Amino acid sequence: MKKIINDPTTVVDEALAGMAAAHADLLNVSYHPMYISRVDAPVAGQVALVSGGGSGHEPLHGGFVGAGMLAAACPGAIFTSPTPDQVIAAAQAVDGGAGVLLIVKNYTGDVLNFETAAELAEAEGIQVATVVVDDDVAVKDSTWTAGRRGVGGTVLLEKIAGAAAARGDDLAAVAAIATRVNQQVRSMGMALTPCTVPHSGEPSFTLADDEMEMGVGIHGEPGRERVKLTSADEIVATLLDSIVEDLPFAAGDKTLLFVNGMGATPLVELYLAYNCARKYLADKGIEVFRSLVGNYITSLEMQGCSITLLKLDDEFTELWDAPVHTAALRWGV
Amino acid sequence: MKKIINDPTTVVDEALAGMAAAHADLLNVSYHPMYISRVDAPVAGQVALVSGGGSGHEPLHGGFVGAGMLAAACPGAIFTSPTPDQVIAAAQAVDGGAGVLLIVKNYTGDVLNFETAAELAEAEGIQVATVVVDDDVAVKDSTWTAGRRGVGGTVLLEKIAGAAAARGDDLAAVAAIATRVNQQVRSMGMALTPCTVPHSGEPSFTLADDEMEMGVGIHGEPGRERVKLTSADEIVATLLDSIVEDLPFAAGDKTLLFVNGMGATPLVELYLAYNCARKYLADKGIEVFRSLVGNYITSLEMQGCSITLLKLDDEFTELWDAPVHTAALRWGV
Amino acid sequence: MTCTAETTVAAIKAVAATIAEHKAELSHLDREIGDGDHGENLAKGFTAVVAKLAANSPATPGAVLKLVATTLISTVGGASGPLFGTAFLRAATACADAPTLDAEQVAIALKAAVDGVVARGKAEIGDKTMVDALIPAADAARNAADAGGSIADVLTAAAKAGESGRVDTIALQARKGRASYLGERSIGHVDPGATSVTYLLQTLATSAAEG
Amino acid sequence: MTCTAETTVAAIKAVAATIAEHKAELSHLDREIGDGDHGENLAKGFTAVVAKLAANSPATPGAVLKLVATTLISTVGGASGPLFGTAFLRAATACADAPTLDAEQVAIALKAAVDGVVARGKAEIGDKTMVDALIPAADAARNAADAGGSIADVLTAAAKAGESGRVDTIALQARKGRASYLGERSIGHVDPGATSVTYLLQTLATSAAEG
């Protein structure tokens, strides 16, 4: 295992200290329990978005804390969901009286811990709503599984719901918009290489030099199937075939196309994949109206990419374009 | 070689097409000869910054084209400097009558090609000034080498000089500020893994599982020395020892600390390294007044990082804080 | 013997030692069909539990189990954190403030713990989770108690049944938790959570026999 | 024989073939002490040259060399682009619009090319660059011409001297170009540019001998 670290057991704490120092103008960090909150929280009268999950997906979620997006993020150990006490403390710290929306990626661990937290936070008198993100089309019918995973759609949902909260929508309205984003977004990912969790030191899976993993998750867990490495055009077509037919997306739809890197795939490959996706969607008459390309929801140093497609309406577009000021996404301010 | 590409010979063209599509609001792209220019170029009466170099360092330079930074970027083949005809065409396209500043990283290839271009552009009646960036302290005395390489300092120089051009400074003044940045900035990098140039298919060098390369460049070229992998604290201290003693930086100095990823190092490690650097500089009484953490000048999928330290004065700080609107750096707008 | 606060603390410390010992193995199993952190998650939690038990000395078995529960909930994370936490919490509630427990009470507490895991995680027998070890374990404990067995007999029976339920998970396709994402590729691997709960039961059994 | 536009075109095409053939080898050498693109850079350039020569038929050797120069400058990139480009440009200027060249003129053209490389790159003998092959080559060509040799004699002498200069680069520490960043670690590797110019000279010699 080759990493720039001091001690596998302190990676998250040290990285968090770095984030706090690098973005002191944006973020406050609490260590016991661990959460990141926007420096101006609580914002009175504004719904507060609280998300979280295992670490190792940076910039998700901490990089999205700030005006127009998340009020707080709760980082767990690497690839391990946070614990309820973190979520409760974060909710208490950022609740501006308008309630807290918990944004949870659909993994058993995250769901169970946030469920426990929600129960206890409500007991503390905090108004809580929860949205569970499950946009990963690689996972089959949920009667046979824990259900679809929350992946790239989470980034778009946090931005759009954050803008709704910033414009003053109440908890029910923000939760409704978040739920609607989850209904309109689909994603799928692939990996060329595994990643290595620091405290384990072992690659999360092994691939031959000519193999890739399609439908991979964001925790280095193996995906839907292992196939021979093919061209970028074929990779993108495989991902988009599943995405487009699932919603389904149809000719004339206006979309936001998000090409995401798993952490170790260079920008040149991501823009190349984005170009393949544009050609694919153009052939289907699907319009790309907004775009995001880069490493936003990652799996440590995994090589690979995921594609997320969101069906836009005017409200989503307006909320996407609204100002945001976080460490990882910033515009309009 | 595992990459998300279609054909090693068309990687740069396809990635550029993706960039053009993803950032149509910001960028125009010319393919023959190849250059990226800001969509509103030429800006009448404003000095135009033109940079360029081999591809594979994304977002450098194309990701820095836009208001407040570069007017144009000329991408060469991967790790190969662009050719003079690209630079001349770009200069002609973006010259707003106030002249063109060529920003060149100090590599023989880049210097020779930009030199040739400058001669020809001047022959075309364009006012040209050139600044050569050579901030890499890993390279020893230039009487024994081609001179220090241009690395991380290039990013800061392009931002600060771009802000000077945006505020209306004339060519001599912008060139003077760029030169002053180059005098006040120092960098050094290291690698945990090599990278693979698509058309070659071979790793740029080989490292044992317990080895790292200190003083590595950004072209996968080997560095100053190969040593055993150590802790993040030791790695950062080695880089900063060379950087701090070189300028030298002294207690009380206000600095901009830039921790850069080589492309495949996850953000969690970069923030951890940033934290190590903050502790190191605090011990020396050097103040970190501005910060940048992320993958901004990369070597394809190389794992590793570089540290860049710029001695700030009020003018540099004001120009750094000035609005910038590019694909990779954006604030204040 | 009967189960007191002291023997419960001793048993929990023994469990912490077992988990620490098998940490790498549990994470390895989790790498095969999950995300490779099960061993670390539990080890982190039980290390915290041992620290808590060093600082506090709860008066009853139930109070010990409650301290274990809250500590695991706030330190483990992942799926197993709330599940182990709920199990210990329900067991604690079942024990109420009884100063000591007999075999019958132990069987009841175990059943309550298992019901709690099922209620939280909504997994059924055959879903390839810790439930496949826990349900047979609770049933076997009940039978042993009805047969008038000692606490050691009850826990030994539970551990045996848990072990065979654990082995049965190898042939199963996961329908809950991360492993379910693998579909048929989850078949042929033993479930990490079923393994950790079996180690837990075995350790409780031995420390009851020794104690 | 004398050198005409036709024989020059033929020679350049032969050079393009040689470079294509040794592309991987040249990039491999460049990986050892550079950035691994020397072969690709030159192959790209000479492929473009061949295309240009298919579309145009310059009237004189000088015009052929000029076309080669401008094409290389606008297609190769890297250090070798401007250096090869300057070399061909200076040679073209030396040939002016002479319809044919004799051995003396070839030696003069070669000297002009080498002077151009030195002027652009500012490398000296011993810096471990293409200059270590080129300077001895130009000197040898001069001597062969003075001795009344044919064009083939002149180019063969140049190629021989270039080859030994190329081999000498192995022992040198680079002081120019990327390889210089390696300091002492550049010792023990042959310089890629010295190798490519030697291939170029050898190909010119053989095609002169055959032509």
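Letters are used for the chains, namely A, B, C and D, taken in the order the chains are written, and counting of residues starts over at 1 for each.
By our rule, a contact is a pair of C-beta atoms (placed from the backbone, for glycine too) under 8 Å apart; a residue touches a chain by one contact, two chains touch by 3 or more.
Bear in mind the structure is a predicted one, so any value in this text is a computation, not a measurement.
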Distance in touch steps, counted as few as possible, from subunit C out to subunit D: 3
Chains in simultaneous contact with subunit A and subunit C: none
Whole-Å gap separating subunit A and subunit B, where each centre is the average of the chain's CA atoms: 29
Separation of mean Cα positions, subunit C and subunit B [Å, integer]: 55
Rounded Å distance between subunit B and subunit D, as computed from the means of their C-alpha atoms: 32
Where subunit D touches two or more other chains at once, by residue number: none
In subunit B, residues with contacts to at least two other chains: 78
Pairs of chains found to touch, sorted by chain label: A-B, A-C, B-D
Complex contacts: residues of subunit D adjacent to subunit B: 27-28, 31, 34-37, 40-41, 44, 73-83, 85, 120-121, 173-178, 180-183, 185
Sites on subunit B touched by subunit D in the complex: 33, 54, 76-85, 107-109, 112-113, 115-116, 138-140, 144-146, 149, 197, 199-200, 202, 204-205, 217, 219-224
Of all residues in subunit B, those that touch subunit A in their complex: 2-7, 11-12, 14-19, 21-23, 55-56, 58-59, 63, 78, 192-193, 209, 212, 229, 231-233, 235, 263-276, 278, 288, 291, 293, 295, 298, 300-301, 303-305, 330-333
